[in-house]
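The structure appears below as structure tokens.
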Amino acid sequence: MSDTTMTARYVPNRLNNRAHRVLRSWEALLLVVAVGVFVLNSFASPYFLNVWNLSDATYNFTEKGMIAFAMALLIISGEIDLSVASIIALASTAMGLAAQYGAGTPELVMIGLTVGLLCGAFNAFFVTVLGLPSIVVTIGTMSLFRGISYIVLGDGAYGGYPDSFAWFGQGYIYWVFTAEIAIFAVIAVIYGVVLHKTNFGRAVYAIGNNPTGALFSGIRVQRVKFILFLLTGLMSGVAAICLTSRLGSTRPSIAAGMELSVVTMVVLGGINILGGSGSIPGVVIAAFVMGLVTFGLGLLNVPGIVMSIFIGLLLIGVIALPRLWLMIAAKKRSA
Amino acid sequence: MTDHATPVVSMDAITKTFPGVKALDAVQLDLYAGQVTALVGENGAGKSTTVKILTGIYFPDGGTIRIDGEPVTFANANAAADAGITAIHQETVLFDELSVAENIFIGHAPRTRWGLIDKAAMQRAASKLLHDIGATFDPRALLRNLGIANKHLVAVARALSVDARVVIMDEPTAALSHKEIEELYELVETLKKQGKAILFISHKFDEIFRIADRYTVFRDGGLVGTGLISEINEDALIQLMVGRTVDHIFPQRTPNVAEDVLQVVGYAHPTEFADINFTLKRGEILGFYGLVGAGRSEFMQSLFGITKPSKGVCKINGSIRVIRSPADAVANGIVYVPEDRGKQGTIIGLPIFQNITLPSLGRTSKSGFLRLVEEFKLAREYSERLDLRAASLDQDVGNLSGGNQQKVVIAKWLATQPQVIILDEPTKGIDIGSKAAVHEFMAELAAQGLSVIMVSSEIPEVIGMSDRVIVMRDGRIEAELEGDALSPETLVRHAAGISATLMEEA
Amino acid sequence: MVLRHIPIREAILGAAILVLLGVVSTRYSGFIAPANLANVFNDTAPLIILALGQMVVILTRCIDLSVAANLALTGMVVAMLNVAMPGLPIPVILAIAILLGAVMGAINGLLVWKLAIPPIVVTLGTMTIFRGIIFLISEGKWINAHEMSAAFTGFSRAAFLGLPVLSWIAIVTVIVFGMMMSRTALGRSIFAVGGNPHAAVYTGINVGKTQFLAFVLSGALAGLTGYLWVARYAVAYVDIARGFELEVVAACVIGGISIAGGIGSVGGAVLGALFLGVVKNALPVVNISPFWQLAISGSAILIAVAFNARAGRSQGRVILKSAEGSV
Amino acid sequence: EDNMRIALVVKALGIGFFEAAAKGAEEAATELGGVEIIYTGPTDTTAEGQIEVINALIAQNVDAIAISANDTDALVPALKKAMSRGITVISWDSGVASDGRQMHLNPSSNPLIGNMIIKLAADHLPDGGDVAVLSATATATNQNIWIDEMNKVTGEYSGINVVATVYGDDLADKSYREAQGLMASYPNLKAIIAPTTVGIVAAAQAVTDAGKIGEINVTGLALPSEMAGHIESGASKSFAIWNPIDLGYAATMIAYNLAKGTATAEAGKSIPMGRMGEVALDGNSEGAMADPFVYDASNIDAFKSIF
């Protein structure tokens, strides 16, 4: 080309080095909060620094966390699933029903996962095939799925799960490490790898930032979204297995209100609720923060409803404070 | 002479910085009553930013705006309108769910005694405005039911609904067809006669020399020259703008056309297009000309798997291929550079390198796992080939100027090593320097054996670049022109559906 | 043609409500007696009022999940005020309720406007915070009927022209909102902000401020409803109207308010609320097992949404001359 | 020097009944001396929420947990763990399956309550008539047991006809609507029995608003403070409840005695409850505290400011 008067400009790969980016990240901020809460807790209660107690405390977030990872991907892609807690109810009901007919642990696990997948597919159908907004669809299926549990169970309860089934929610794999925390960790790693290290994860980010642009770039947008709903359903199934196993019984009201905790965890983890950005490590730290806060306040016998004020403040505060700080800093500079 | 008159509006040492970009650096701009000032500059020179500052959308970081010599500040768009400045913006700033009249008057609707909106008065005023600019549709119609050209007329009517002394037009002709452009020129003349000061932004030089009285040139956010149009010629203006000379001639090509690559037989869609038949040869540049709304983009998008055709067959290298999605199209070597860069072309929010590698991840990755090193390698290769200007490859593509975004989109598709590349209005809204580069590049691609389909509404580009031209009208192929048959007259005639005899009479 | 286009969705929904009434009346004929219908309307009045507030918020591309908590907190505060100062006249109570609700709405609005925090996050947070505050101020105690003054509980059910004041307040709210949405600058800018926020800036509309005002409106209505609710049911405690926010959103969605903003109407929101109201009131009287209720209302939402999407799907452009007549 | 710590875990905080029970627990603590009461519970009435609370209590190594359960079975694993760490666990009000606690204290005997609620309705219907039940959630264990017991004895009240059982989910508005539905569906309805405090208040309000005071009598289980207004207006002629203060007091006393080792929770044994006397355990290690007490216009004023 006629580029005589102009030297081609060199474009570097990256503007900032890795350390620089990590230090400025949401995850770093959240980690500071987590460490802060941990330290505060150890001062506030003499019972906090005890491995067995901490091990018990993990139940406060493990099941929610499992779903939160799948939900994180879904939210990054610009969708949401508010029916997860109801999927748990339906999957648990199905498992309970099967247990009444003498199903063994492997069958129960299969049933829990299958019902989760089916519910995910049902949501996915409305969102990807009929093109309806997911928040609305899943508000509907939230009532529908739990409603089916009520139809099946009424005012009854299912119990009588096989003894071996108790492992998922009550077992330990090694020393203080529970089966649930192990499942949580495995899922975290899998989702971290899928989101951050694979083509699929890249597609999820692309769709979240610009679904039309992603479609025009040759990404099968609807298929990816379908898979994400399936995954969320599947994770709800896994959580249903763990929760049912932990409770040893099923009622239709199981896991009521859990969807909001899951969304809170995801948002606290730095996932942009509008889609397009966020990371799995962020969600992992957020899970620990929420677990630590609720357990710490529990040790101080703070009533649950007051605890929820803290979670609400945390949710808004963690997002608001840095922005406020930037705003004030900008004001100072211009003044 | 007018030079001694006080400008109606003058911008003095205006500076505006965005995170990472100095969009305007102490620029100066004066607009005079009854004169058209053309603002020219490369993509990203800061033209639209200037418009947004003048209309109260952005607040400048430094400098003064004066109206009749008095310093003013605009808190928001209404303040600027109250001061008599109105604009037709580069982006469409209209509301699909509101009626035409409401679109025109939103923010300054006539009120009844009770402070409620006076719908009747508003519709009357809207009717009159629309009538004055030659629009024929009902002001009560919902905007979403209008075509793109009519929407543009609504935007014009909105700008005129303010009793303004200054009218700004940011690339007003980019979406218009020949006839509508002529009407717009007439409107500019009328406004001039009414003594309004006009700021006109365009990348089309014929246009500038036809209607402007003065020019102001920006380069990289700074002022590089200003003066009377009558005292400058095209080459000098381009040199000011780009900072170097640009051969404004289309690249010379020796078509070494070979076998058929793509054959389209009987493509049809229930409402958008019908009976599309043509073949594309290896190494050829095939132009698609037509008026805006002729259905070219619709057809191209169906070839790319976005909209599904109701019938028709597509053969690639002689064998029939079914294309149900863009992913299928890419797999079959067909790629599409869309017209709407912001929405369809780039993925704003992702860094440049990820935009470029998005459709090529299959090659840069290993069994589904990303390999960043390979990605950067690929992105670097193609961004260097296209002379991309950016701070770094991991910068958000949204921070690039329009022209550089277009380069990212083209790089993204070239990296997939396609057989057929469809470029939909590839130089729309692109400055003359980059435009020449794109033309050069297209020629290079064709020479390397890539087949190019170029959709364009610019006659010089169509004639200068294409080996063959297909003209579309109302969703059908009207003519296929080649060699000597390829002239501006024949193109316009077929595109508008005027028979040869009528044309001669006219 | 404008007139022909908009109300089609409302007409269908209206027809659906009539069909529903018809079906219910075959099982229980008393249901469509005017007195009972007036009852159903009065029952649905809080939902209608809240749905109008939510509509305004959704139109600006936001969502307010804190309405039910706002309602409960305002209700508790005015009930406690009534206990402390039984002589406080009702207009003052009304003013306090509206003001308090508006202040809570303003908190949401400010966080959305000034700090640009996504509305769903803000209101998810304030929802739990408001509920918690009720617990803190009431120490978990109930305020019961005998502790409230007769004027306090009597206001919402005093009959006027055959309808309780609660119903009249809903009717007035509908009229005021109808006027506001179609004939005021604020109403039109609410549509503009949701339809195309980017363009709204160019027309001098302050997007954030409009969203802020939408939250204030929604909050004020929630506050108003808070007093009416507590007066009507003559009891205030932490948990009143828990989960009601989703019902309010569902009413809007059924009424064709697009969750993506910019599309919707006052008529739609009202009909959506009435639809849910009729379903909820009909289920107990037609002897459907209570265990079926949840599933039925979930299905109603899904069907309504699928239907609305179909009715609202744009035809796209028609380029082919031959195709023009056929579409 | 170390106080004995007894945790009183309730279904959810913010319910008047449990607040009153907490008062009773404090009273017992004062009486005993050296006892610290931890009054706690989750936000929602869910088993998961209670498990979180129980885990926190186990971590603090409290001496005893006295719980009113949201779910009979789901709490068993967590409470078993508590017992295995040497914590005394009893349930009261709403029970836990026998694996998950050492004993259960019923506020009153279930058959007595079932009989009481129908008797309250029948006493004011000498000629019989239609009555309907407005319950809490369909999954509420104790409500379901009482309704079952009630149905067993309904035949003994001639002319009394139970026409429907509906669920108000312990939500004021839903209960109100269900009550309206009952009045609409059964024009000859003479009484609504609501064995839940939210339900009875809402039903009384619905009857008042429908102008049917005197025509339909609302009765069931409620706190005097909540029903005082409705007794006064006549919407409710009478209702019953056991004294929640006594219940909290008794539960605390039992927990104290079991934790101290001064009593054991075995079938057939008795456990002392301070001023409430002793509770005798049946084969399922359950016992009843006292008979329900009836409140009407004659005695309501004396109690409405107490609980």
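Residue numbering begins at 1 within each chain, and the chains themselves are lettered A, B, C and D in the order written.
Keep this in mind: contacts are C-beta pairs under 8 Å (C-beta built on N, C-alpha and C of every residue); 3 or more make two chains touch, one makes a residue touch a chain.
Chain identities (UniProt): A = Autoinducer 2 import system permease protein LsrD; B = Sugar ABC transporter ATP-binding protein; C = ABC transporter permease.
Note that the structure is a prediction, hence the values are computed from the model and not measured.
A.B. asks: What is the touch distance from chain B to chain D, in steps?
C.D. replies: Shortest path length, in steps: 2.
A.B. asks: What chain lies farthest away from chain D once each centre is taken as the mean of the Cα atoms?
C.D. replies: Between chain D and the rest, the longest centre separation is with B.
A.B. asks: Roughly how many whole angstrom separate the Cα centroids of chain A and chain C (ABC transporter permease)?
C.D. replies: Averaging C-alpha atoms per chain gives centres 30 Å apart.
A.B. asks: Between chain A and chain B, what's the gap in Å when you average each chain's C-alpha atoms?
C.D. replies: Each chain reduced to its C-alpha mean, chain A and chain B end up 43 Å apart.
A.B. asks: Distance from the CA centroid of chain C (ABC transporter permease) to that of chain D, rounded to the nearest Å?
C.D. replies: Computed value for the inter-centroid distance: 35 Å.
A.B. asks: At least two other chains touched by the same residue of chain A: list those residues.
C.D. replies: Where chain A meets two or more other chains at a single residue, that happens at 150, 154-155, 303, 305, 308.
A.B. asks: Multi-chain contacts only, two chains or more: what residues does chain B have there?
C.D. replies: Nothing qualifies.
A.B. asks: Could you tell me which residues belong to chain D and also touch two or more other chains?
C.D. replies: Only 12-14, 138 qualify.
A.B. asks: How do the chains pair up in terms of touching? List each pair.
C.D. replies: Touch list across chains, by label: A-B, A-C, A-D, B-C, C-D.
A.B. asks: Note which residues of chain C (ABC transporter permease) are touching chain B in the complex, please.
C.D. replies: Its residues touching chain B are 1-2, 5, 179, 182-185, 188-189, 191-192, 195-196, 198-206, 262-263, 314-323, 327.
A.B. asks: Help me check something: in the complex, which residues belonging to chain C (ABC transporter permease) touch chain D?
C.D. replies: For this pair, the touching residues of chain C (ABC transporter permease) are 28, 30-31, 36, 39, 43, 46, 135, 138-142, 144-148, 157, 229, 232-235, 237-242, 244, 280-281, 283-285, 287, 290-291.
A.B. asks: State the interface residues of chain A toward chain B in the complex, per the touch definition above.
C.D. replies: Residue positions touching the partner: 1-6, 8-9, 11-15, 197-202, 205-206, 208-210, 212-220, 276-277.
A.B. asks: Spell out the part of chain A that touches chain C (ABC transporter permease) in their complex, as residue ranges.
C.D. replies: 126, 130-133, 135-137, 139-148, 150-151, 154-155, 260, 263-264, 267, 272-274, 303, 305-306, 308-309, 311-313, 315-316, 319-320, 323-324, 327
A.B. asks: Where on chain D is chain C (ABC transporter permease) touching in the complex?
C.D. replies: Its residues touching chain C (ABC transporter permease) are 12-16, 19, 138, 164, 166-167, 170-173, 176-178, 180-182, 184-185, 187, 201-202, 204-205, 209, 225-230, 232, 304.
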